[in-house]
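Two complexes come next, and they have one chain in common, chain A, joined by chain B in the first and chain C in the second.
Moving on, here comes the complex of A and B:
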């Protein structure tokens, strides 16, 4: 643990919440409308409860492992060589996740604002603040997330402002989709909760580990509530027939309200939401950079960091269009689920078979 | 001590060192009518009458035997008598403005400091005016400034740590703090940092600031500079540390936060509702109008014209129809002109400066519109922006905001509103990464402090402000405990 990376459990919870919801919410209502019609909000509740359970399990198992992060635990459980290899795979996942997030962000920008601007220029524009903050460490990245709370506040106020356009009858009859489709939709909804596994990467940096479990559970409950509000509001505004054709449901929701003085209020709300989207990407960037430093056992180094930036930009250029970008994101989402399961297994083996921290400490 | 007493003051060395220094006077006297001795002093730096009465006269009336007796010397009726056992120290004393008596037959020199310093009246600083507070400012004389603070805080807890800096200039720098309230680690840390400064000399206190800040490349000031004793006093009471330097009326306050640069004494000297209103106006003007307004104009006219109501859009189009330049060029022309006028007004004498500002502002603006160089709306925006940037009480922060405005404008001209968002994220990220004396710069917003919010964008009543600011890490967290 060092000063630049040390964070409190509460700040880690905010980190997780923004990481999950920043990008995860944008297309979720549309995806759920395609799967379960107007019952998307039920899927969010079911998946949210599942995510809270998984989050609690991860935090609980981490607590049983003497305050070590997953990168240290892997080496202790699987040995130095295999452990390092597995850690490298985790780094690869985190790096590709950051790149995929950046690509999706650029894609939304191209759809919403700049269809003609070269994607690389857009990538540099949106990623430069992240490169800067990540260089300063987890503490700066996590502190910045406080600033995004105003984006969430704006959205919640906005939802109140469009209450006249919300038709609760669009959410009825409740449960019409049926149990099987709802259970299938859990997979899609869970993608929006990916990010809960990052606590395992940063656990060693949390200063008040005794509160980590509580705050991690809160983070996932808040994510569930936020996703629930947006999904329900989108469905209640557009209806299950119109919602599936909204490519970016959240942004289209911002276009519903007519303001007298400001002709297009959506422009400013979308712009404010970019704060949260940037934070989602930055969370994975921070995790991947942190992992790289830990795996390579090097100090913060400008040359390595430049190489890392170069690699991230190269990977983010792989998908060529919006369809490839979504496909890329799907791969990451499935990998994220796999990584979460792997984390739980690794932590479980460490906690049970190797007696958790006690045996590690002896070693 | 014994060793020191055995040494003699090296008179030839002193005389050698003051060669070609016509300002240093050497007065030759005879003790017991036949032992030669010398007085050295810088004529313009001492009070001649007092030195003659309280130092020279008593000494020349003493015998060799009396001068050899330390007790007799210490009985000279003068509070600033000091014995110096080292020749270099004696030379240092002479150049520090003391009168020094050197008698080769005794092992020490006798030094006496009775300054005659030209002092101006402590008038209110022209850049930090206020309405309901005191109208005095610090002076260039360190002792006077310390005296001002002592008059305001009549308590033995007010302490001053002194350090001499400048390998050539030997300037005195003082760190003032309230013992028992200010965090001792911060005081010691600051003292160590200042003590380690290696410079020939410091013409201004900014030299110290730039030598000890952790982010020297940042646009944002990390120490708060002020010429107001009341501001320094308030800072001390909050548990902050004040740095004073001889030769400048400006003092530095640390640790401070971003919001400290938008606070003024009037916020506290008026009832809290009025004070809060003033502060909101200042933040709204100083940040939102001064930074975002021209950038938003450029973004909207270049990319997002659909974001303004149709009536305004028509007027905007009409106003711009005769302007051949893109919005960024149009704004830059006027912004740079305003900066030139501002710089010219500072350099010129006050009466001419004001005339130049008004003349340039009115004539150039009107002529620019008529010549079709800029549109009417741009004049309004630039004027509002320039006015807004004057509401920031700190000139350092005002300058930072002006520079940031240009970065925002350039970014908006290329990327529209996304450029503004990217710049905002970058600036916020930078502010969050900054610290002032190791304390987070952007608190109470991030890291969040509910207690700190009570004196941030608004200023709540004194009943609610029971605790000292978090960033000071004060030993006594609660005020008036």
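Moving on, here comes the complex of A and C:
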């Protein structure tokens, strides 16, 4: 266990929570309004319960696997060559996820503040703190996520402040969308819970593994509650017909409160939310860099790191407009669902056939 | 490790150059802040776009600069104005969007799109309808020598009226939300102007996107009560309308209605929906010369009941007017949609709305009656 990467189960939970909610929440209310109208909040509850179950299953299976991370388990289950190949695919997914996140972050920045500033300059500007922190390891990245709690607190206070703009009738009648569309919408809502699989990558670094299951479940419950509050509030403020035409529903929600003297507060709140968005991207950056080091079996190397940064920036430049960025993100989200299933299968095979890696160790 | 630290530090220092030279920077001295925006229709169907910007120079006598142009699109108009003002006009601090009554009656439609789409624009600007030409009003405001700049003057007048529920809290975001929701009609601030100043007239009522009518100050207070929102307005009753003796010299009574509890029950069993509204007002007696001993419970109750009947009559009159012009700002359509969704889907609400039967129950309680009985 590397000291720079060692974290507690509680920090891992915060890591997962921020990773899930930082970016996913911005467009979730719009996506759900398109699918199930004003019943998006029901979809969040259903999917949240599913995500908690999946998260518990992953954490449980990890517990049964001698404290190893998924990268080691893959090698044990599938052999060195195939296992390394699969690990490389995991790295590729994580790297592309970080790049897609960076691209969408820049897109939101351009929509909100800087429409004319060149994206490359902004990418470098917003990613520099991440490059710095990721270099110093998982412990640094996870600790910094505590700062984002301030952003979450601000948003929750803001939701209370706009209570006069909330129309509960906009959430009624409950369940109008019907069961089939609600079940179909689980796929879209689940995108916001992607990030729950990262515990499998870092599991070997968790110092108090006996608490990992409990905290991982908590992380997903908190994600569900946060997504539920934002989705319900956005729908109750904007209504199911205005919500689908918005590209950044959360940021528009910040534009409706009038404060004496300051008048508009959206700029301040959006700026504070950039902390959470940055941390969300950084989680995938950390996971991909950690995977790369594990796969290559090398110590931290400045040259490889620069190469990695270069690769990340290049990939983030692939989408040329906002539609392509969303399309790119969709591909990542679908891949994330596939990766989660693959993790569960791999962990299950390892836990059942190889008795949690013990057999292999003995051999 | 040292190399990485040095490199990171160098990169961070390098970026400070980019931050200070940001592509999207706006230097205060070079920009013109539009505070009020007027929109009206020209004879050839285009939109006449006018705006005021404060002038901060000591060398210029005028306190505001008024600019106008015509085009089809608001953003096009702003850009055209930039070429004549000599400043980079920015709309981030716009406080009022003033529609001419004529344009509002033709329909506002998607005119507000640029405010929603561009996040630099505020969604908190007031939506105002003026009886007349906004450009004429802005020009006339130059003669209001005893008033502050028009933008500030209007903001003060609107805020004061809003505090006394004499005009609605209608802003770009709330107006647009209601435009989209289709089950609650939007409302806007209604004003007029003359050589002396501007005057808050009450509320402009819309039927979907088109202005369909307007109501006065007290009716706006009652509208807020029917909407279940916070109220605080004066209600004035002439002695004669209380059916006091015809030859009485009494002038009447003034009360401040400052709290209301609203309950709405809807029934859709018959051919047309029935809506029961219960309004429980709390009031304070401000002024009266009627012959009632308010410290006597019986007298107080008699007066409360008489005024309740008058409020009820006014509410019925208001609801009838709303039905006549097809405007549903209270959101009865929204309540029916939420509570009787199957019925709502089976009818066209706008065609049913004029036939809705209302039953209103009004209660009034004087919490106190000042320092005299």
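As a working rule, the second predicted complex is superposed on the first by the 362 of 363 C-alpha atoms of A that agree within 3 Å, B and C clash if a C-alpha of one lies under 4 Å from a C-alpha of the other, contacts with A are read in each partner's own complex, and residues count from 1 in each chain.
We adopt the following convention: a residue touches a chain if its C-beta (ideal position, glycine included) is under 8 Å from a C-beta of that chain, and two chains touch if they have at least 3 such contacts.
The structure displayed is predicted, hence computed values, not measured ones.
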Contacts of A:126 with chain B and chain C, given as first, second, both or neither: first
Which of chain B and chain C A:264 touches, first, second, both or neither: both
Larger contact residue set on chain A - chain B or chain C: C
First, second, both or neither for A:109, with chain B first and chain C second: first
Contacts of A:80 with chain B and chain C, given as first, second, both or neither: neither
Touched partner set for A:353, first chain B, second chain C, both or neither: neither
Which superposed partner A:320 touches (first chain B, second chain C, both, neither): neither
Which of chain B and chain C A:275 touches, first, second, both or neither: first
Touched partner set for A:140, first chain B, second chain C, both or neither: first
Those residues of chain A which chain B touches in one complex and chain C touches in the other: 113-114, 117, 125, 128, 132, 263-264
Chain C residues touching chain A - in the complex, by the definition given at the top: 3-4, 7-8, 11-12, 15, 18-19, 22-24, 93, 116, 119, 122-124, 171, 173-174, 176-177, 180-182, 331, 334-335, 337-339, 341
Residues of chain A that touch chain C when the two form their complex: 111-118, 121, 124-125, 128, 131-132, 135, 165, 167, 169-170, 172-173, 176, 237-239, 241-242, 245-246, 248, 251-252, 255-256, 258, 263-264, 266, 302, 305
Footprint of chain A on chain B - complex, ascending: 303-304, 306-310, 415-422, 425-426, 428-430, 432-433, 440, 442, 445-448
Touching residues (chain side chain A, partner chain B) in the complex: 11, 109, 113-114, 117, 125-126, 128-129, 132-133, 136, 140, 143-144, 146-147, 261-264, 267-268, 271-272, 274-275, 278
